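So that you can tell them apart, the chains are marked A, B, C and D in the order they are listed, and the count of residues begins at 1 in each.
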């Protein structure tokens, strides 16, 4: 951490400040007194230091973090890719692209089993489907809840596809474990629900952590750090579009986040082209772009009857459309060093 | 709700679609067939209809909501201001401006009692202070937790100031009730933690609901609607700055949100100039602007030693600075139809 | 255009308003009186109607445009792709991917000719290079101006590569025509310099129109419409990243804009992965993503000595790095129905 | 300027880099070799150094500007407020609040003279009105142009109010000088039209420089610096709302920009509450907030018949509404150390 002091700062103010830093944070401080400004360099573990608090001191002109505030998620300290192993010899983060598909919400047994069968046939290795749904309106369909989890288990029993489904509250953790959920999704709105992240850190179940609506890349990594710090090393990051001023799409897919995350962290990175655009005809080009940019996988909404879906119909593919997209991805994958 | 159909849509497609709408949502549908486009008008309760699902139908060109999706929070149906009554004859939402002040985090008994004493003296009617702190980093100070709640109770016992403090998880609700927290704060990062909102809806304790980092005004009102729909009518909205591209300030105070919220809803609206700007010298002008724009109150961070604060020091006022701001607010209040 | 009237509006207010609409805008108006609201449908040419002015009427609840406000740029009226033909049998907008490469600024004769030679060898068909540079600071290098144009002509003479260079003011138009600039670039900061667009509409030289820093897709199309309306049909759109809250990258590449623009308009769409990210190691993944998303071409910054470049060094590739990217694009192109 | 070098950097790389810096930019460099990182401090005039170019060097980890890149606009070097003197003993930037009012567009002689008369009566000291109008659509009303300038002169002759009107192109400068425009407005879309700024720098006419749609505060100051560097010291900055994700308002008024600009620069700062919100009933609370936050003036749209205005009707006040707002401002001004 580099601290630039204000020109007017006296020697005794500086000395007192340095003593403070050393005592409060257990760091050692190098001082460089220049002609115009004085610069302090903090050596030691600065991850826990609140940069704003340093800045609150009246002799401080500005503060700059040199080291990233995340450690366990940092590729610098873990150069090799994390590969998350799942039932049935599947994995996320390795050479094989992960293809996760299914409806926004689980709606009925015929719906989920039919979709599961179809996406498996199309090439998906994982089934997604929401049992608990975060909805902007309290009056909108909130998911089948426990019944939804049961229907997912049945679809898994029939197709063998591991399940990815969203958990909304610490109160649902036991239920999810009992239902044998293979990958627990943390939605964008809960990305900084720190109590939830902390409890998920005590599990071993892989966590699919979606980037918050307006989270920075660093904040996403810090949210992952909460889970990793608890002991759960199985974190999959998901870019799903960020909020911008553009209104044509629901969100703006931050495609740059894929190569950036791959560089900053060893964790797998998947992309959700369905939520990013919010429009079904955008799923295909965005999915292709994600693969080209280096994503480890895709999570795609598929519904057997999008126009009657209970949620997110506008962005769902039909199974036939999914077949088409999956076939294109399969063909493109080798060009980007992947298999499907 | 107004639905514009695509030009090519056939009569039978239209008829089938209308039948669907009537059966699925229990609305009645008026049809207007124009020379170029056909427009449908839905009559009945459309609040639960997902606008995106309607748009997923291939014959639909666009959809427009005519009625707001929030009902209980809507001023149209509740023209009079909601005034929330608190112990000691205090209220929020009426003629009296509410002044909530205190440190970001409760750090120690001397710290919180000293600050409580000083802000009361300066004119604050409520004491804020975090016992549970949402922090971006898992390695940063996370608050004194239960001990913090206890220290707040002691500060309240000494000064008589009702307590405002943030709750981060459903698991803390009982603790907060037992500790006699007067106003439970829901932080920006939890604004769409719907399970939490739903549980808070079953309490009678007033809820200070902060606007999410990039929540729209409508989303803030829908989050309030979750609490109201559960039966808790005591919701106070808080504008605390939104995330934009501007980096000079931590967030951008959306001052327009104040008069807009006052028009759209009957709920009280307070402003947090400390988090909005993130800089102590900005607190005063932003506080004055908030009062001028019609806010019902302010929530201001005050610390007896900002440069040694364990969190958010950069934006905290000293007690002397707070005295100065409070005095200016007191003087300005009558001009804007308020008292302090 | 659909206008929803407020519930309280009287019959005579409505009649007067309709008469006004018909007289002012020469449209005919269909009225649909529903149980709760009254809806008006405007028939005729509504492109010139200012939606905000309609909304200013106190009996109007809301207004919605059904037709896009752009006509000449609209694919609905020009279903076939526009292919722009350039010297040497080159074209932009057809099956062949356009690869435009070169330095941010023209700096010297050896610099520009060396880079031109190298990018041509790597596969570029066009040479970019700035003679007039829009710089945030008046104290920064502003380009070699006329001398830069001359050096570009010399590089073109030596390599045969057509030139793409930015024009900043109407005062430079004659100079650019005299210098035989093949494609005139309008920079992001001038996207809504309407007087400039209007004058460029009177030329036949192709215009590469960059999306403004925070322009919506519709605003970009409306800017193109200014040029098209003047008679110049040779407009190439360029997505170069938009401004968001994320600070890791200089801008956020809006990859969705590529397929959306290809759907809404017949004009060619190229992507600038150098400015979008602002980081040289991001150029390759973003370039691949752009091709995968359907872009008609790429514009890439290449410098023979990026660390000594007079501008934008941080995002420039070396010629060797460019060779590598170009080879990958060449290999990937057929998968996306293109050749290079 | 502080440069942090990467840990792996060798002594000879560092020496070569330092030599480069000294030769290229004429600065002297202090080196501080720490245990973990090496920090360079540049001394001298670093305003012209492109921070991105420094970052392009492979041994550089990060770069930080310590000094602001603007000099003439910087309050550090010009501590006293700039007060701009105008005909009739008027001034902007001093104790007296500047009240600029008038229609978005000049439409006819009766319109502009009637509005001029009314706003003067209400308390305005300046008349605004657009003769040249930047419009998103080439098909929308583009202003009366030269005739508009003439009508403004007539309105000035009748009322004595100095004129503020927008210039869109360098080609209009002579015309504006001839027409005796008192304050030349540069619109948000032209804030970074650097050639225009440079030419305006050669005039003495005061320039009202509007903040760009998504310009940072620093970019606004750098745009002002272009004008100041040319020799024209009469620059008035105008906050008019920035582009964010919120759709309820046209733009988001960045009220914090007012006190921040007042701290960073000596130039006067006015606020445009009409464009910021885009809604007439928001003008009053935003105007009051602007005064409370320390603005030096306001620019407000007033139209005698907003619903028939040729542009921006939705945000215009009627003269009666303006009277009401002006009266409230007059009453509030002394509280904020101003007069009206």
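Here, contacts are C-beta pairs under 8 Å (C-beta built on N, C-alpha and C of every residue); 3 or more make two chains touch, one makes a residue touch a chain.
Predicted model only: the values in this text are computed from it and were never measured.
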Checklist entry - Computing the C-alpha centre of each chain, which chain sits at the greatest distance from subunit C? => result B
Checklist entry - If you tally contacting C-beta pairs, which pair wins, A-B or B-D? => result A-B
Item to check | subunit B and subunit D: spacing of chain centres that average the CA atoms, whole Å | outcome: 32
Next on the checklist: Just the number, please: Cα centre separation of subunit A and subunit B in whole Å.
Outcome noted: 26
Next on the checklist: At least two partner chains per residue is the criterion; list those residues in subunit B.
Outcome noted: 214, 243-245, 247
Item to check | subunit D - residues contacting subunit A, complex | outcome: 2, 4, 30, 32, 34-37, 39, 41, 43, 61-62, 64, 66, 214, 243-245, 247
Checklist entry - In the complex of these two chains, what residues of subunit B are touching subunit A? => result 20, 24, 47-48, 50, 52-53, 55-58, 69, 134-141, 168-171, 189-190, 192-196, 198, 212-214, 219, 222, 225-226, 229, 243, 250, 278, 280, 306-316
Item to check | Interfacial residue positions of subunit D with respect to subunit B in the complex | outcome: 214, 216-218, 242, 244-249, 252-256, 258-260, 263, 276-277, 281-282, 285-286, 288-294, 331-332, 335-336
